Amino acid sequence: MAGRLVRKKGKKAGSAPGTLVYTGQAPSQASVWQLLQYDSHRIEDKTLTDLAQLPAQPAGMVRWLNSCGLSGVAPVEQLGKAFNLHPLVLEDMLNTDHRPKVEAHADYLFIVFKMLYFQLDSREIRAEQISLVLLENTVISLQEMPGNVFEGVLQRLQAGRRLRGFGADYLAYALLDAVVDHYFTLLEQCGDHIEQLENELMDSPTVAVLSKIHHFKREMLMLRKAVWPLRELLSSLLRDDYALIKPETRIFLRDVYDHCVHIIDTMETLRDVLGGLLDLYLTSVSNRTNEVMKVLTMMASIFIPLTFIAGIYGMNFEIMPELGWQYGYGLILGLMAAIAGGLLWYFRRKGWW
Amino acid sequence: MAGRLVRKKGKKAGSAPGTLVYTGQAPSQASVWQLLQYDSHRIEDKTLTDLAQLPAQPAGMVRWLNSCGLSGVAPVEQLGKAFNLHPLVLEDMLNTDHRPKVEAHADYLFIVFKMLYFQLDSREIRAEQISLVLLENTVISLQEMPGNVFEGVLQRLQAGRRLRGFGADYLAYALLDAVVDHYFTLLEQCGDHIEQLENELMDSPTVAVLSKIHHFKREMLMLRKAVWPLRELLSSLLRDDYALIKPETRIFLRDVYDHCVHIIDTMETLRDVLGGLLDLYLTSVSNRTNEVMKVLTMMASIFIPLTFIAGIYGMNFEIMPELGWQYGYGLILGLMAAIAGGLLWYFRRKGWW
Amino acid sequence: MAGRLVRKKGKKAGSAPGTLVYTGQAPSQASVWQLLQYDSHRIEDKTLTDLAQLPAQPAGMVRWLNSCGLSGVAPVEQLGKAFNLHPLVLEDMLNTDHRPKVEAHADYLFIVFKMLYFQLDSREIRAEQISLVLLENTVISLQEMPGNVFEGVLQRLQAGRRLRGFGADYLAYALLDAVVDHYFTLLEQCGDHIEQLENELMDSPTVAVLSKIHHFKREMLMLRKAVWPLRELLSSLLRDDYALIKPETRIFLRDVYDHCVHIIDTMETLRDVLGGLLDLYLTSVSNRTNEVMKVLTMMASIFIPLTFIAGIYGMNFEIMPELGWQYGYGLILGLMAAIAGGLLWYFRRKGWW
Amino acid sequence: MAGRLVRKKGKKAGSAPGTLVYTGQAPSQASVWQLLQYDSHRIEDKTLTDLAQLPAQPAGMVRWLNSCGLSGVAPVEQLGKAFNLHPLVLEDMLNTDHRPKVEAHADYLFIVFKMLYFQLDSREIRAEQISLVLLENTVISLQEMPGNVFEGVLQRLQAGRRLRGFGADYLAYALLDAVVDHYFTLLEQCGDHIEQLENELMDSPTVAVLSKIHHFKREMLMLRKAVWPLRELLSSLLRDDYALIKPETRIFLRDVYDHCVHIIDTMETLRDVLGGLLDLYLTSVSNRTNEVMKVLTMMASIFIPLTFIAGIYGMNFEIMPELGWQYGYGLILGLMAAIAGGLLWYFRRKGWW
Amino acid sequence: MAGRLVRKKGKKAGSAPGTLVYTGQAPSQASVWQLLQYDSHRIEDKTLTDLAQLPAQPAGMVRWLNSCGLSGVAPVEQLGKAFNLHPLVLEDMLNTDHRPKVEAHADYLFIVFKMLYFQLDSREIRAEQISLVLLENTVISLQEMPGNVFEGVLQRLQAGRRLRGFGADYLAYALLDAVVDHYFTLLEQCGDHIEQLENELMDSPTVAVLSKIHHFKREMLMLRKAVWPLRELLSSLLRDDYALIKPETRIFLRDVYDHCVHIIDTMETLRDVLGGLLDLYLTSVSNRTNEVMKVLTMMASIFIPLTFIAGIYGMNFEIMPELGWQYGYGLILGLMAAIAGGLLWYFRRKGWW
């Protein structure tokens, strides 16, 4: 999400609706599908390179078809044919700059959302799009980038824990929950980064720090664009009466929803704090200008009058009685010291040093 | 939309409602209508100069009547008569400064929206008003300026692709979709322009850049005035149960609606970024004032005391013992160097250079 | 609306509800009523000085009773008696600082709104209150100031155009439409004034221009107070099912409503632009301070070191070898020129001039 | 409301709900009740020192029981017993820092709101809490401070005007109306004060004026806290179908509601104007700093080069040809005058004086 | 809540939903439960170290099971088993950084909220999470930290006052009320702290005070995050028709709700005041820079011209007639005094001192 304010659409804009064009960032690679079939008793793990190999749905088992870093148009078209998905759904799967949303179709739910990473080196937030399709007894998940986001869920399934006793809707919930949980980690990292920025600002309010704050504020805008629609998405899953989501799963969805609201609260607080840092910067620049002015004013106010006095006795008038006095020089030096002392005392009393 | 903050209405204000007065910018020209009639099998393309030549509706075919750069009152009156349109609809077609909206009439829907262009030379956003009328099996489209906005849709129709298998409501959707798709291109151009402004600002924060930022912010206000009502328009098409829009078209309208919401998100982000640039400018001016002050303060603080010392030994007192010392001149020069060095060290420690 | 932030209520506050007290600005004058009676065939125009002369309602004709610059309590009391109006309605008619609203009574609608004028000389927005009562077949309109706001509607009625074929509800709509149409002219004038202020600001950012911007911002607040409630009023006329408003008139009301929303959009844009001008002013003052500082810093940085050097050779030490050199004076002048040149080059490189 | 940002609750917080503790400001005094009984024909005015003396409700008459500056717990407990009021209602009556609200109980309505005064000497807004209980045919009013807020209503009742012909709900309306009417006077006083502050600011933008603006802004916050909930209260009285409020009284309540909305509009405008004053102050300080800088820069830019020239001819080089020229002194003075003139012309052209 | 912007979740994120992990701050300690059983006649107080010892529910008595500073997972699991609580409820009890909420389950209500303390020494707001479970005739309360927040309620129960005559829902209300009541004390302390900050700011606007204001603003953000959701929580208890809450308890809940809204009003006012302090700081720094500039400008403007004059008569031209005049020195000193006096008078008239 770094670099460009608005992602380029490439050849996309202007083509017919339903035309499949891939807009993501993943390097092109062979399509590999991971197929998991399980019930409380068994679990089978297969790798498919072609969806034509997809076995029929075993009765009473839940199927999870997962793919990471899908980059081509062909496998998505195959998927569409295999599960009879609407062309617009396929289009949205390939257009990786989509707003999180849930879409109800006749016999499946289509869910799009973002996995977010905090890049420790560049201090940027990177987004990966994830598409879920929830059918009767089947969940399909497509991840934009290589690397399985759902590693944790996979391990829990294989470890034979509670998860296998529930249906496909619970699996979809578990996938959503894994992503929302990751947001907490992200927010912690953001919070740490902001505290670090604040410390830098306190130490030396340079333009470089200002620029960092400014850029991180923009990253937070990107974060916001991912989290607010996710809240709507979860709220719709909770509120609207989708047949595919069983009542006993709803209490779990409410839990994710609560987490999401909590994330939004924290995010907005972080944004406020970040906004406060900019104010602090401006104030501290004002303060430093004030400090600089005080130094100048004190130096000038003390030495300019003294120089003037020295100038007087540097004049070449023929008749200047003081010049002939025996202690004239000493008296003038004393007068100068008295003036300097008086001004220093005055500035001290004003609290300037 | 450039130049004037509020578009002049000309003779319009104060006349009776329903009076037809043309307020657009198009140069006067002969009215030409393009008539397209198609179904899955055939497609006919005709050019009409007079609506009296309009053939009867062929059974089972979809009719698309399109006009670009319409500037006169007479053809619109003819159109009104031919399709029995309400006088207020005709008035709105000719008043090209209208807010995007959808209006349901007994047997047709009237839709007004804006096509937006980013002028690469003047960095301004120009708007062209487009009016759609959706009747049973017929779509009428009026474009304010010459040049066909719907060239892409036209080509897809003629290329015989999927589009011809759907009804008039799908055609109306395709026209809306073409315009919303173009908004993405517009936003990319805006984003590029903002990044360019940011770079200019970083290089040299002059008043000229400030003025550019200020003006582009105003252009974004105009953009906002076009996009937010469009969202309402699409939401109304989705939500309200218009008989002319078939249920299977609704899923496509939801897709355009999602795109429109996405555009609004991006637009608001761009506005935030633009607002941030103004803050950055202000801060950088403060910073530069601070830098200038530091130079002044260092120069003054170092040389004013030295000048004072030189002034002392320029006094003409008869008795100034130091003046007679053999190494007096050298000692004083050394003292001056020590003072200057001490102050430089002090400013260095304060981080002023 | 100029001069006072809050209009004085005079003796009003604290008196019993329903007590009739006139709070307007119109000079006292004799009450004159203009009575228009028309149907598609005939039109009669009468002037009444006393409502006791009011003839009975002719069957099938629409009656319009209009009065401009009404200043006394007596004629309003007479009106109340003649049409059996609620005391609170009469009170509101005389209290000319009312918020625009619509009030449904058993057999009439009471509508209050504002006519707004842009005073070209004082650059202020002046408001005139207009009260409408819509009864079965009768419209009563009361205008605060002399001078008929509805001159255009009157002329169209007398010219025998379409207007006479509709009922009293359409007449009420036509009156509302005339006022809303005038708002467009007002906004154009405001837009022109703002552009003029912007030009003045660009030419010379003086305190006088700031004060003008500040005051016009306040005028815009007054405008806002008139237009937002008008939107509510029109929305209520559209939405609520008033028996006195026929369904075929509703489409016209929707048109005025659309215009009103458009006016609000434009007004809010103007307010944003005006707010931007204040930012621009602040920034330009900062900029000018920066410019002034640069001049000072360059002058001081160049001449203070030079003066110091001159001061050194003005010292009276007995042994200063350079003073005796043949080209000492020339060398020192050369050194000074070199220092000045070096500093000028340095400031040039920093982009200060 | 002055002095403390948050009113101290004293012993209140932590005690059991329904515990009666007085938190108001009124000096302790004997409880005195004024009892008014009236219908269209008669009116009786009694003073009770003990509610045990309360006579039975006379058939067909409206009873108004009023008390000013009630400070003890005992009379409120007596009141609760006499009219069978809920303990929480009694608690709220004594807790004088309550948010305005209406509370429906089985056979009475409990209404709390604020009377506001503008203290002319301290420029502060003081609040007095007023509790109303509306029963069938009876109104009870409790005022926090001595001095009857409802003097006007009382006089109108005794003067035998229209008021006596209505029921208890109309009396409650009249009391609310009296308070809202007083708000108009308050806003006028606030508006006058703000205009006065603006004039002071224009004359001399001192810190004292800034402090006054800042404090008055805070007073306006207090005003806001009283008026917005009052709007909710009135809206609830209008909207919710309370049996105790007769339909014919509702039109009067709508009138008070309209007034309240108008007051909110004006209040928000005043707040905007006040916020604008703070901006104006900041801008005018920037302006003045700019002015001061200009004076400094002109003085320094003119005299520093001149002093440098004088310094040159104060050097003691043995060979300085100009020193021996006959008109050397005059030429140098002329050169200095030329430089000074040139710089003055330059600053003039820049518009600095 | 101090120190870290976002609370660390430790091992929590990524684990399976329903996994019990303790995230609180309490030091590990043995679990102790306080069991209170009462009706109007009796009250029994027991201490349990193991929930296995929990006696059966005595008929007609209300049970209150309370625990302070619970830190282990085991007792919560025991609790879950004893009362058949949902795993997510147990998870939320242990996750002490939860957003306040109410959750309806089949036969119990689960309520989470925050107790807030103002730390007098560090000027920070500390939060303690409190979980309530309301069952038929039983209330379970879990407090994050040692120290009983509900000491007051406990004492009132034991003192045999009204409280014992009500059911479990009233007990839950009493616990909520105790916490909300404490918020008032908190706001008073916050208000006092803000007034103290304001005084410090008026006395000496140092960076230290700015930093304090900035940090307290952040504390207020934390307060906000606790109070707004509490309002939602109470509103849901009032609005939604929970069977466990009897209608006669609802009036008490409305009272707490009113208090909560009042707290929000006050909190937002405090936030506004705090925001105003930051503005005041910025303005006062601008002001002080202006003051410093005036001193510099006056000193420089007075002495620089004088030094120039002295410089002129320090020149070594051979022919400078004034040097030979008898009163030349005195005349020049007089001229200098006149110039200084003139400038002082000029600055005085400008109001600079």
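Chains here go by letter, A, B, C, D and E, matching the order in which they are written, and residues are numbered from 1 within each.
The working rule: a contact is a pair of C-beta atoms (placed from the backbone, for glycine too) under 8 Å apart; a residue touches a chain by one contact, two chains touch by 3 or more.
Just so you know, these numbers come straight off a predicted model, no measurement behind them.
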- [ ] Taking all residue numbers used at the chain A/chain B interface, answer same if over half belong to both copies and different if under half do.
- [x] different
Task: CA centroid of chain D to CA centroid of chain E, Å - done: 26
TODO: Could you tell me the distance, in whole angstrom, between the mean C-alpha positions of chain A and chain D?
DONE: 43
TODO: Send over the residues of chain A in touch with two or more other chains.
DONE: 282, 286, 289, 293, 296, 300, 304, 307, 311, 314-316, 320
- [ ] Pick one for the touching-chains graph, please: line, ring, star, complete, other.
- [x] ring
Open item on the list: Once the touching pairs are worked out, the chains link into a ring; list them from chain B, going toward chain C first.
Closed with: B, C, D, E, A
Task: Complex contacts: residues of chain C adjacent to chain D - done: 4-6, 8-9, 12-14, 16-18, 86, 88, 98-99, 101, 103, 105, 204, 207, 210, 214, 217-218, 221-222, 225, 229, 278, 281-282, 285-286, 288-289, 292-293, 295-296, 299-300, 303-304, 306-307, 310-311, 313-316, 320, 322-326, 328-329, 332-333
TODO: Mind listing the chain C positions that touch chain B in their complex?
DONE: 152, 156, 161-163, 174, 177-178, 181-182, 184-185, 187-188, 190-192, 194-195, 251-252, 254-255, 258, 261-262, 265-266, 269-270, 272-273, 276, 279-280, 282-284, 286-287, 289-290, 293-294, 296-297, 300-301, 304-305, 307-308, 311-312, 314-320, 351-352
